[in-house]
Amino acid sequence: MEPAEILRNALLSPMVLSFALGIAAHFARSDLRFPDQVYSALSIYLLFAIGLKGGAALASSSFAQVAGAIAAGVALGIAIPVWSFAILTRFGRFDAANAAAIAAHYGSVSAVTFIAAIAYVQAVGHPAEGFMPAVLAAMEVPAIAVALLLARAGTGGAGGDWRAALPEVLAGKSIVLLVGGLCVGFLAGPAGMKAVAPFFVDPFQGVLCLFLLDMGMVAARRFADFRQVGRFLAVFALAMPVLHAVAGVWLGTAVGLGPGGAAVLGVLAASASYIAAPAAVRVALPEANPGLYLTASLAITFPFNLIVGLPLCMALARAFAGS
Amino acid sequence: MEPAEILRNALLSPMVLSFALGIAAHFARSDLRFPDQVYSALSIYLLFAIGLKGGAALASSSFAQVAGAIAAGVALGIAIPVWSFAILTRFGRFDAANAAAIAAHYGSVSAVTFIAAIAYVQAVGHPAEGFMPAVLAAMEVPAIAVALLLARAGTGGAGGDWRAALPEVLAGKSIVLLVGGLCVGFLAGPAGMKAVAPFFVDPFQGVLCLFLLDMGMVAARRFADFRQVGRFLAVFALAMPVLHAVAGVWLGTAVGLGPGGAAVLGVLAASASYIAAPAAVRVALPEANPGLYLTASLAITFPFNLIVGLPLCMALARAFAGS
Amino acid sequence: MEPAEILRNALLSPMVLSFALGIAAHFARSDLRFPDQVYSALSIYLLFAIGLKGGAALASSSFAQVAGAIAAGVALGIAIPVWSFAILTRFGRFDAANAAAIAAHYGSVSAVTFIAAIAYVQAVGHPAEGFMPAVLAAMEVPAIAVALLLARAGTGGAGGDWRAALPEVLAGKSIVLLVGGLCVGFLAGPAGMKAVAPFFVDPFQGVLCLFLLDMGMVAARRFADFRQVGRFLAVFALAMPVLHAVAGVWLGTAVGLGPGGAAVLGVLAASASYIAAPAAVRVALPEANPGLYLTASLAITFPFNLIVGLPLCMALARAFAGS
Amino acid sequence: MATALKLVTIVAEEAVAARLIADIGRLGATGYTATEARGEGSRGKRVGRVGEVNLRIETVVSPAVSAAILALLADRYFPHHATIAWVSDVEVVRGEKYI
Amino acid sequence: MATALKLVTIVAEEAVAARLIADIGRLGATGYTATEARGEGSRGKRVGRVGEVNLRIETVVSPAVSAAILALLADRYFPHHATIAWVSDVEVVRGEKYI
Amino acid sequence: MATALKLVTIVAEEAVAARLIADIGRLGATGYTATEARGEGSRGKRVGRVGEVNLRIETVVSPAVSAAILALLADRYFPHHATIAWVSDVEVVRGEKYI
């Protein structure tokens, strides 16, 4: 597939277009409002469905390959918050709480970006390994734990009530649905999955469009906070994903993932959490400012990854794979 | 297909039966209650899905054909409120505000009736042109604008605060979802649509049944307001749709639509809005009585079209087409 | 199919696993919360969908066979509350109100258990007769009426305001959706059903999984009330389903149902209501304690049937059928 | 312009809500506003599932009607149903409409 | 520590809610809290469907702002819209924030 | 028959709601009622999305418990969390249950 076509695929997919429509609806001051409970039902569906599919795929994967990919993911989840925290405190002059909060977000991962990546690499002819949802699940928590420990050190033990926050993250709904879905899919196996595929597999991308339509409106609402973000953080929110994408794709290729899987690992590294991390940070680091970490991850990094990150990681993966 | 079978198809479709079940549930004083947020999620789904399908079809339609159909629709949307307003003020002795409110409803269109029509003409073997959703979108607003201008003239400039109301209608959720869906479907094209068809295309008619089950309960609730409506408006709500159906089917045939498309244009003309128009009228003509315009359009014209209007328009279209 | 495999099918189906995940999520103190309105939308979908499928199947069933199965179901619905009430008052020393409330629950049926049974017998190669949903609908009300009459007799006419409660049960949402769905499905016929199958048939089992995930959390919450239940009722909640299963499967075989249908009738007899019965009992017997009847039916009998009842009934049906 | 009336707020399990609304209408309330609610009290958590749905009903009424509603609640609802009610003083524009 | 302020609660049809919220903001309210509601009053049942959605809006304000809101409601909303409003006295911690 | 108590209403971001409910229980509240809400205040609009969900909690308590809850809110929640609270006087039937 030609680069031009890859880009076209990225920009004119129903998913990206729905996201753009959401942004447009916000600026047209539309009264379109996605009901709150439906929004959370859609997110339950999406998380559980990727868990299920990943679990069924795990059953037929070699242990070595899965272990390698998970190890790569966890390594990124530990390293990213460390260097992000250092950059933010040293060069950005953020205090420990805000730096740790942002570091937690960029170290952790975004499930929606992941889902878009899976659909994208498949559309351009490089489907990712089926067990990648297990990597997604493994990457969600470590970064948050590391960042809260850094905050604790940085504030002399005052901030970062991580002992209270970690159980909450681990029992948070995204982990329960992802890991729970993995277990259910693994135990039920491909035969069990066949019975539920017409609900959890076939309509998946359509549901994602509806979800992204709403995400577009959410992200657009955050655009109003751009001034708060400041120039340093804005550059951070665009540059770090590129750096993390390179690291992720390279590591993915190194542990033996195919081009599709390596690209998805790159996207995971590049993505910033906006479900698990904000929940943990609100509780453990209440003094950190959501106008900073949420706006950066939701209104800058998320659309950037959706539009630029996906084709970039795919191109990197094909380059590294020498194909 | 025989007329008897056409009628059977109209009366015993799961859609009409679900609507009837909703009415029955209301009169059985059932505690069946469709959750509010689910209701609005279903309407988001239905509107966005017809937009998407229409958009994908637009991509492969000739410009001339689409333009002709849209021009016919807009012409109807301008003419219908003018003569409705005249009839209502002159013969019905309604004041300007109420006459304009009712005229806005009958000039604008009902998306749910449209969807039922699309499914119906397909079931009886005369599928409509794929771009018809674009005609639906084009017919929603003009009638409302015309009616508000008439109200303004009729009340000596006092009523009909249309400058405030129009932006609200244009950014109203039904327009945003329809027009937005058209754009997304057009840009994503048939390839993009294939990925989301298992969600937006295949389950569509089933979702519509659930929606109509609820609509039956809503319409039945309005039956209590029949006394308010009065004999004149009741006759209006049954006779005008027939008139508009004839006009719509004839115009549709004239601009070159096939029998299915012409029948659908007839149904659009005959249908009365109950989403976009009420919202605009509540804001711009608050002194108009919803017991009149909502009851007429929702409890009389909507079921009439569902049961009589659909087969009538199909029969007219086949007669005009000389088939 | 081997017994071992039958059991594996029962225990490792996505449905049972989702239910177990719900229980686990509760005990992990997860913040996973299924939105209320989505929960009730899912139950509307499930009830209406089984009604529809049953109605379409009714159209092509012999009257004699259907009548026999319904008669068997109604007989069970009358007998079960009588002997349950006797056992509970005589040996369990429950007062009339509580005994009648529990008897109403065990005489009536659980739609969710029924759905799981239909899916299960199909998975193990013995699909049930398509008209079984009609039997389900017929079994819902009689037991509640009988139990309320028993309460009235038992309390000397004071308790059991059944004249107020029965219309409410009959117009209750589960009856309206089931019976209404049966009518719609019957009148629309297989042709009409084809149009809505991608929504009401194909995704059905997947939706059920999501619903059971939530049911797991609901049941787990009730575990806290175990102490209230007491030893006698706990034994009752495990032993009676076995008794009723035997009676149901035997009667089903006697009236000519195949092994799948007989097994499902056994499951219906064994199941305890937790939608229609609680609603009726709250109104007609407010002095009865929900900590008893709801906990027994929801936290003991429901999971017992899901895990033990299904394979048990199937094994019984195969034994009775001599296959 | 403003009239002193009572605002009665009742949180009740949904199973009895329809009956309760009919009852307060009979006692003289001219209207009510209701929202779905979760809650916790002496009978445990109520989170919107089988047998656990709460409705929060509020009605603006005259002091006399308020007293009648409370008496009815104490008599018929509190003994067996998960219910709580409280009353506060409110001012209403064009209060005659609600008496 | 606590300041005496007014809590104004307005139940209005959703069609006018956006406009109403903008209006009360202009009159000096520093914030509001809104929930979806069903209800029944002189204009019949409102159960959350086409033309029947209610929003329950509450705002903590100073007595002066409260009076201004009520005057606006009586003037512009009550005549044509399904709306009710009531006011009660509340105490708020750090009330200066809401004046 | 009726007892004078306090109704404390708290609107808080959902992220802290579970903790807040536990806290008010520890301070002596015997129950609470909660509804989901949207809102707007000094920290911008909160419309029920990522990081923007509000819960509206109300609890009927004795004056002493009310004071304790307000003190806790001022101390631990107001500084960093999108939260508002107000207190009003209410009468409750069989109020002993809530003290």
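By written order: A, B, C, D, E and F. Residues from 1 in each chain.
Throughout what follows, contacts are C-beta pairs under 8 Å (C-beta built on N, C-alpha and C of every residue); 3 or more make two chains touch, one makes a residue touch a chain.
None of these values were measured; they are calculated from a predicted model.
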Where subunit D and subunit F overlap in contact partners, by chain label: E
Smallest number of contact steps required from subunit D to reach subunit E: 1
Between A-B and B-E, the pair with more C-beta contacts: A-B
Furthest chain, CA centroid comparison against subunit C: E
Residue-number overlap at the subunit B/subunit C interface, same or different (half cut): different
Centre-of-Cα separation between subunit E and subunit C, whole angstrom: 46
Centroid spacing, where centroids are CA-atom means, of subunit E and subunit F in whole angstrom: 20
Separation of subunit A from subunit F, taking each centre as the mean of its C-alpha atoms, in whole Å: 34
Rounded Å distance between subunit C and subunit D, as computed from the means of their C-alpha atoms: 34
Set of subunit E residues in contact with two or more other chains: 35-36, 88-89
Contacts with two or more other chains, residues of subunit B listed in rising order: 31, 33, 35-38, 198, 203, 279
Chain contact topology (line, ring, star, complete or other): other
Which pairs of chains touch, using the document's own definition: A-B, A-C, A-F, B-C, B-E, C-D, D-E, D-F, E-F
Partner subunit B, residues of subunit E touching it in the complex: 13, 15-16, 19, 36, 44-45, 47-53, 79-81
Complex interface listing, subunit F residues touching subunit D: 1-2, 5, 7, 21, 30-35, 60, 88-94, 97-98
Residues of subunit A touching subunit F in the complex: 33, 36, 39, 214, 218, 221, 224-225, 274-275, 278-279, 282-283, 286-287, 290, 294, 298
Sites on subunit F touched by subunit E in the complex: 11, 35-42, 54, 56, 70, 73-74, 78, 84-89
Residues of subunit A defined as touching subunit B within the complex: 12-14, 17-18, 21, 24-25, 28-38, 119, 123, 198, 202-207, 209-210, 213
